[in-house]
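Each structure below is given as structure tokens.
Each of the next two complexes has chain A plus one other chain: chain B in the first, chain C in the second.
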Partner chain A sequence: MPGSSVSWAAKVLAVTRKDITAEFRTRYAINSILMFALVTLTVISMALGLMTPDSDLMAALFWVILFFAAMSGLAQVFIKEEEAGTALILKLSTEGLVIFFGKLIFNLLLLTVLSVLIVPLFIILLKVTPQNWAVFLIGLVLGDIGLAGATTIIAAIVAKATVKGALFTVLSFPILLPLLMAVIDITKVAFGGGNFGDISTGLQLLVAYDVVMVTVSVMLFDFVWRQ
Partner chain B sequence: MWWKILIFAAMSAVIIAAFMTPSPMNPAISLGDADVYRIFYFHVPQAWVAALAFVLSMIFSIKFLKTRDMQYDTKAVLAAKLGLVFAVLATVTGSIFAKMTWGEFWNWAEIREVSIFILLIIYGAYFALRSALPNAETKATLSAVLSILFAVSAVFLIFILPRLYADFSQHPSDSVVDREGQITMGATVAAIFFSSLAVFTALFAWIYNVSLRIAKAYDKNLPEN
Partner chain C sequence: MLKLEIDKLAKWFGQRKIFEDINLTLEIGQSAAIIGPNGSGKTTLLRLIMGLSYPTRGEVIFSEDGKKLDFDGYRKRMALVSPYLSLYDALTGFENLRFFAKVDGRAVSNDEMNEVLEKVGLGGRGEDFVGAYSTGMKQRLKYAVALLKDPAIFLVDEPSANLDESGRNIVRGIIRAKKKDSLLILATNEKEEYELAGQFCQLGG
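Moving on, here comes the complex of A and B:
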């Protein structure tokens, strides 16, 4: 509410908390994301069977799994509001940017849960271990931030469309491509045992991408949300 | 009317010149038949128009978001439609050239092929969104937002792609500019090439204008000019 004493950060977290509560009640996104990731991972590891592909290929496969799992569920944050008819009430309760950051943090949490579950499974089932954990983790964290940051506004866009699921992947792919290329490069280095010196340009690019994408989304979000 | 005739005459002149003069490629160093390299006179201008249309479409999208004037949405869509056509043409001519010189229609290790493919996907996604939105206002706003997001992503790709593909590109660059950006074409080749570039740009502008007039004739809400 404008003029009230509630701080901006508190409002953002209230939106996130609302989504988490709703998520625990309905398990609208988390079940589909996790099962999707599990199925993709199983398909890949069974298809590879006894083959031992090199670590470069593993880095690419890891991000293919994360990309498609993220695509299966991240759009739900806005779709569920449109489907339940609660988008209008949300619009009345607070300003657009609060909603945007609340949803972004929620999507980031979803991706964190996904990553925490998928990384051990990937390591166990595909028998590949990052030689350099620090490089791997920083790539994963920046990659997750980029995935959530760049697709939250796309989720708001597709929520207005008539075909939602497929469209989200189609629209997100060209936007996520620079992120995927940079992050696959970093994960390759991590699996291959390189160190931070090998990924400095990749890291700069990832940080720049995350910052720019969130900033542009912030500038454009009201156009989408007020529609 | 005179536009049409002028473009027709100039295009004919470029086509004749492209085939009557010696090949732009030195036969001693060409891969495959040197005559194949004549496609350069048409392929590069097509790719240029495809990129130009993409930038135009984005500028119109920004103008739409600023003014909320539906005529900019119409313009953005027209630029994108024509851009898609020219991107397809550039992809096909480039692919034929690749087959004749490097032996395969498509190679993912070739940066220019990757970039034009991304451009095609961007256009495809843009039209996929437009056809999935219910009313004109929503369509205009959301596709304008999307086209700005794509443009930002394209800037990143321009930086990241050459870095990842640095040491593998078979695409001829010496025939237009060398790695330092110096124009290395001979006088005749340069004359034909830049005429072709101008004619293709004029062709784009002409089709764009005709389509815009048709769009305005259909929609009375759009202003005359």
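Moving on, here comes the complex of A and C:
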């Protein structure tokens, strides 16, 4: 039963679109991510009260919230395929890299939604505003790409384990530590009003991290996914 | 000509032998039935054939005109129907068919989808969510996904699992049609089904 052929990019987008459609209908990941972010932000805001911590602490708090909120939802892209029993037919239906990039884009979109919601809430509840928005946003975008890249491959690794949640965070933390240190440094500079000259080392590290993480994931994914 | 050669295949889980010395050669237009009691390794053997598990010894080789195919080389021509395989409950029947065709590299028309749904007895149910399907309807939809792929290698684990009499008749019709133009492997203990195959591979006995 022949049909017209579709491009590699269309296959990748079909995986992303399928995940978005399923997510809208089931709220599998987005609810846990958003609830975690909201609860953490509220608790920190109440704990700080009228205190105005320095930009170093605020930058760390921002990424701690983003990191743990991401941990609570990003692994679902592969865990739900394994738990629902759909991973088997997916493995036989398309190339491993189509799945990887489809899931990576979905996780990146999820992180973007999370970031778009967290940033204004962080500014309102914790009364802190980036003094240099360009530096803040470049750190946020590169940080989200690194976070999505690392968590997507780690999610594929832990999806078959029995204690998925704990294993996901334990495996993610050492892999994401260099990324977190670099983005926290950049966010500190953004909150403190510094400019691009102050973040050149962190920026290079972030770009290198993102490239290495996606390249290593591409090299490893087929093996991780098939077995 | 597409060919499958299974040579002295053995699988052990730790100290437990599942099977060993399995040999089988099949080409397009030929079929085999894997038969054996529960736990004899029928599904495990199918997973080894699919390349989704490593054998302890021996090998499974798919080749075409004497040239060995890699995983992607035979995967894109392979379809599996199994009770252990699930489709997406959050998507409709049409959305499932369209998704699996698209990630496989093909855009399918509504007419094509309606045609396969009619073939498996799901005509008019394409707009329903798969989560609302009965187990038997889900099994029929798996055949629709496989038929839409038009596989050269067709693997069927427990062909009539969860199906009523009408479903069983539809599936036997599909198997009879596919054995003519594909390399067909059935894993079953149902006499009416394994008798459709040209060769037998007995496990656990």
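By our rule, the second predicted complex is superposed on the first by the 223 of 227 C-alpha atoms of A that agree within 3 Å, B and C clash if a C-alpha of one lies under 4 Å from a C-alpha of the other, contacts with A are read in each partner's own complex, and residues count from 1 in each chain.
The rule is short, and it goes like this: a contact is a pair of C-beta atoms (placed from the backbone, for glycine too) under 8 Å apart; a residue touches a chain by one contact, two chains touch by 3 or more.
Computed from a prediction, not measured in an experiment: that's the story for all the values here.
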- Task: Check the residue A:94 against both partner chains and state whether it touches chain B (first), chain C (second), both, or neither.
- Result: second
- Message: According to the stated criteria, A:10 is in contact with first (chain B), second (chain C), both, or neither; which is it?
- Response: second
- Item | Touched partner set for A:22, first chain B, second chain C, both or neither | second
- Query: Regarding the shared-chain residue A:160, is it in contact with chain B (first), chain C (second), both, or neither?
  - Reply: first
- Item | Partner chain(s) touched by A:227 [first = chain B, second = chain C, both, neither] | both
- Task: Check the residue A:52 against both partner chains and state whether it touches chain B (first), chain C (second), both, or neither.
- Result: neither
- What is the contact status of A:85 with respect to chain B (first) and chain C (second): first, second, both, or neither? second
- Message: Does any part of chain A touch chain B in one structure and chain C in the other, and if so which residues?
- Response: 227
- Message: Residue numbers of chain A touching chain C in their complex, please.
- Response: 1-6, 10-11, 14-15, 18, 21-22, 25-26, 84-86, 88-95, 98, 226-227
- Query: Which chain C residues qualify as touching chain A in the complex?
  - Reply: 50-54, 71-72, 75, 78-80, 82, 84-91, 95, 99-109, 112, 115-116, 142, 145, 147-148, 150
- Message: With touch defined as at the start, can you tell me which chain B residues reach chain A in the complex?
- Response: 65, 118, 121-122, 124-125, 128-129, 132-134, 137-138, 141-142, 144-146, 148-150, 152-153, 156-157, 159-161, 163-164
- For chain A, which residues count as touching chain B in their complex? 150, 153-154, 157-158, 160-163, 167, 170-171, 173-178, 181-182, 185, 201, 205, 208-209, 212-213, 216-217, 220, 223-224, 227
